[in-house]
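Read from first to last, the chains carry the letters A, B, C and D; within each, the first residue is number 1.
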Amino acid sequence: MESSNILVVLNDALEDGRKHIAKGSIATYIPELAKVDKNLIGATIVTSDGKRYHAGDWNKNFTMQSISKTISLIFALDHIGEEVVFSKVGMEPSGDPFNSMIKLEYKSAIPSNPLINAGAIAVAGLIADRFEFEDFLKFVTIVCGREDISVDENVYNSENEAGNLNRSIAYFLKHNGVIETDVEKALSFYFKMCSLNINTLDLANYAAILANGGRDIMSGKQLIDKSILKIVKSLMVTCGMYDGSGKFAIKVGMPAKSGVGGGIVAFAENNMGIGVFGPSLDVNGNSIGGYRILEYLSEKLGLHYFA
Amino acid sequence: MESSNILVVLNDALEDGRKHIAKGSIATYIPELAKVDKNLIGATIVTSDGKRYHAGDWNKNFTMQSISKTISLIFALDHIGEEVVFSKVGMEPSGDPFNSMIKLEYKSAIPSNPLINAGAIAVAGLIADRFEFEDFLKFVTIVCGREDISVDENVYNSENEAGNLNRSIAYFLKHNGVIETDVEKALSFYFKMCSLNINTLDLANYAAILANGGRDIMSGKQLIDKSILKIVKSLMVTCGMYDGSGKFAIKVGMPAKSGVGGGIVAFAENNMGIGVFGPSLDVNGNSIGGYRILEYLSEKLGLHYFA
Amino acid sequence: MESSNILVVLNDALEDGRKHIAKGSIATYIPELAKVDKNLIGATIVTSDGKRYHAGDWNKNFTMQSISKTISLIFALDHIGEEVVFSKVGMEPSGDPFNSMIKLEYKSAIPSNPLINAGAIAVAGLIADRFEFEDFLKFVTIVCGREDISVDENVYNSENEAGNLNRSIAYFLKHNGVIETDVEKALSFYFKMCSLNINTLDLANYAAILANGGRDIMSGKQLIDKSILKIVKSLMVTCGMYDGSGKFAIKVGMPAKSGVGGGIVAFAENNMGIGVFGPSLDVNGNSIGGYRILEYLSEKLGLHYFA
Amino acid sequence: MESSNILVVLNDALEDGRKHIAKGSIATYIPELAKVDKNLIGATIVTSDGKRYHAGDWNKNFTMQSISKTISLIFALDHIGEEVVFSKVGMEPSGDPFNSMIKLEYKSAIPSNPLINAGAIAVAGLIADRFEFEDFLKFVTIVCGREDISVDENVYNSENEAGNLNRSIAYFLKHNGVIETDVEKALSFYFKMCSLNINTLDLANYAAILANGGRDIMSGKQLIDKSILKIVKSLMVTCGMYDGSGKFAIKVGMPAKSGVGGGIVAFAENNMGIGVFGPSLDVNGNSIGGYRILEYLSEKLGLHYFA
């Protein structure tokens, strides 16, 4: 497809997404998140041949939130290993809300998967027990292609203060032996990774690496091992969009991960990486405008993996 | 890949799968299923260019069981429509065992998706209310490429007699208004479709259609609409292998659906359809040898969608 | 207390109860029940010295519904034995609604206790497997002191037709091996006992026997064994008022059992038996006016077991 | 009954209880509790006429654990009021284990009742927000009739360190707004009250007050309000013996509360208060020997409230 066309489609997608903003609402469970302008919407595409396409508020900052769960998972699989990681979390969709604890009590002592809160906190515990947050941050800057990514201290403090449900989950995991390190250490790591300030280009860069066999599309350098990619991509398909993952797989058909900050990272294999942003969320906690942008792009550019 | 190589790999896969038989066990909840020879194992590949490869007990009969849920879903989407179908079932992984009723009580009145028992019984109710079983059977024979497929009456009677949990589910759905037709009519349809006698070639033929945009690979005739394919394939990825769907997506990476009769249907997009059979099941109810065959083929032939 | 005073208090209680009728609503899940006049309210007291006190619509007929669960339990304990009965049901409050199935799946294969639907259906199965309904009916007429008690056929048919949730529960119990007899036979027995037509005098007569060590207060004949009484009375305290049993134990403090037909049977040990009726129900399914009558009587006559 | 007889029965009961010790096991979830001698067993009866009867290890110290939940409830009802207390906890049996969180998520934001951990922590939060622990301790010494009751610091520290599940529960309650004060403050109060060192005489003294309308049996002074007694006694009946409350109500028939330290407080209305101790626990967490002592006393002395 010609470059000019991609840009046209992207802008059309953005305008289509914008129409859905009013139907959603801003995340309010973290006071700091509630301050964001609900009407922001932006997107960036990075194609496998290295071209970039931007639309709307593509370069506005927002916090990574749950999207960071995919990067911490990659980091843990790379540095700690698949065996240890999957002794602490499962690989299955939970069928429950992202912050649910029910299955921990009646079904399995380990969280269903690393993309729900419980699972991501377990993985954060593994990393925090062995690495400094700066080690992880360094890796984030590499996969996002921007050196000055940093923690939004206001959001971090707000997450920490309002984080009683996550704290409850973490102590349950400690009780179950899933978290072996200090609970507050694990939570601090988790809240920090959720509070990383990024924009849609950062996400699209990261997505382009996922789309291209783990290689930096500019340098060709292998940044993520292929065996790790299989795991992360598959989990993005089955569990990436909270309680709406199944419908997203059907309607959009791209591996993706959303965050309550309004960002979504998605990609079409060997084709393009996409980052979208829109803080107005649907009932499942996914960006309502961003979801529509991805659906539009999937339709018009034929990005569904079962198109 | 040359034909001779596919056959070699398929035979190696089968021998590898055979080693796992002893670790599994035959389904016993339906008395008639418990009579099957545990050591059977077979597989068929039908490639997109129409070649067939067989191994082991590929032509032994077994009952379709849950694999039929994908065909009844296709039939319902085609003849009754997406809107009606998804007013009765959801699109999300359930995170619970295939025969669980918990979510029906505490979460949602409609079943999580059409591939768990509750969802498939709901879909069966929709069809049974509008069509004869023979109408559906005709469609099965078309997608499987064999005219003389029929109900195994012994298994059907056994399912019907031992089907108290499915009956319990069905009456719960009736209570919730999900089933509008007569419960026994819905169940009779459901038990019949589960009791259809097939072999791995039938499954591979069906899989080849799924792999090739819904077209019959010989005649080129469009048998399944593309918009329907998106739905069914995506659900096979997220929910096709019972409570082991997430791990299968990671380890094998093919859309698939298993049945407790020991069959699994799977495919690699635009490449090949696969049918495997082995009645010895793992703890999740998936053929333990068949699972291994698919994992082996995925590795050696590079069939993972995120390879 | 003088007889005249009891009658005054009873009439005051009734008028107090009447004020609450508007806040409740008629049971509608069984069409036939929905036809009842919401404003009916009545009560009968039978004291241990054999005196009777009536108020309001004391002699209007209504169906026994869940109140019959206490009589079937007594019958089963007497004729089948404690060991068999408590191999099929537990002795613990369920903490869930009376028609819940959740615990059957994630906690215990046998129902929590014989006063929730699941437990009462299990007990009905035990009886129906060994006795005719007429044998049980005979016992009901004895404990209620009226020979011509009979099944309300309209309610019975309505229960049977609308009984999909109970049918679902019954098939689950059959699946778990809790019900060994034919499911429809168990359900038919259950629906019949729920459909028995009674009035508040019948209930008060029955309650007086419970209050007086199992003896008929006129003849002195031992109708219910003392060891059985301990079981039934204790269960009435812990589980008798559906999901409001704990509050009722605190606020009213009498062993009691309610039914969605609007009746409640209650008693003060060695003192009096009480039958109340009012078809307008609170959110837990207890007669809203009847509840208030009992609370009023408990306060004014000092009937709380921990007064 | 003559005094000599009570002592004989008590000693017989103790010897009967002793036979059951081997079938139980010491609580191990708090390391400090695991150090106790499993074979200890003791009991004290204080009759309403002020006589005391002792048997076995009646004067050995143990920690109060969950028995303290009844005293903190009385304290909160007295000083903070019924309305506030029951805005934070319910009055119903939970049907789940004492340390379960499931219902907090799928059913009700407030704990089922004040005698499960979640409910007791909620009540502890209310008190800790308004009083010093010493204020509460003073009340404990009064109802137990011994001035030098104090916190076992080793157990307290052990509870605090091993208290991850209670901490998880507390943060969940904080998230739900049930705990308004600082979580660690609530937990510290809770762990302290659980760690109070007592003996069976202390429990029997407290029980005698419960049995005698809230009055000190020596001085006649009203220590607990009658309206509060109704609440606490009723909750002891419906929820006092963890997941075995229903069976205990049937088999023993006394209001009671157990703790995993091995103590049980129980009483027969207007008759006697009983304290028993035996650290070997049954599967529900109740003293296995102590349970048997109470059952024996109930039988031989006719203490069942429905005897």
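Criterion: a residue touches a chain if its C-beta (ideal position, glycine included) is under 8 Å from a C-beta of that chain, and two chains touch if they have at least 3 such contacts.
This one's a predicted model, so the numbers in the text were calculated from it and none came from an experiment.
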| item | value |
| --- | --- |
| Equivalent interface positions on chain C and chain D, same or different at half | same |
| A-D or A-B - the one linked by more C-beta pairs in contact | A-B |
| Chain whose Cα centroid lies at the greatest distance from that of chain A | C |
| Computed distance of Cα centres, chain D from chain B, in Å | 55 |
| Distance between chain centroids, defined by C-alpha means - chain A, chain B (Å) | 32 |
| Between chain A and chain D, centroid-to-centroid distance (C-alpha), Å | 48 |
| Contacts with two or more other chains, residues of chain C listed in rising order | 106-107 |
| Touching residues on chain D, where the partner in the complex is chain A | 100-102, 105-106, 164-165, 167-172, 174-175, 183 |
| Touch list for chain A against partner chain B, complex | 90-96, 103, 107, 112-113, 226, 229-231, 233-235, 237-239, 243-247, 249-250, 253, 255, 269, 304-307 |
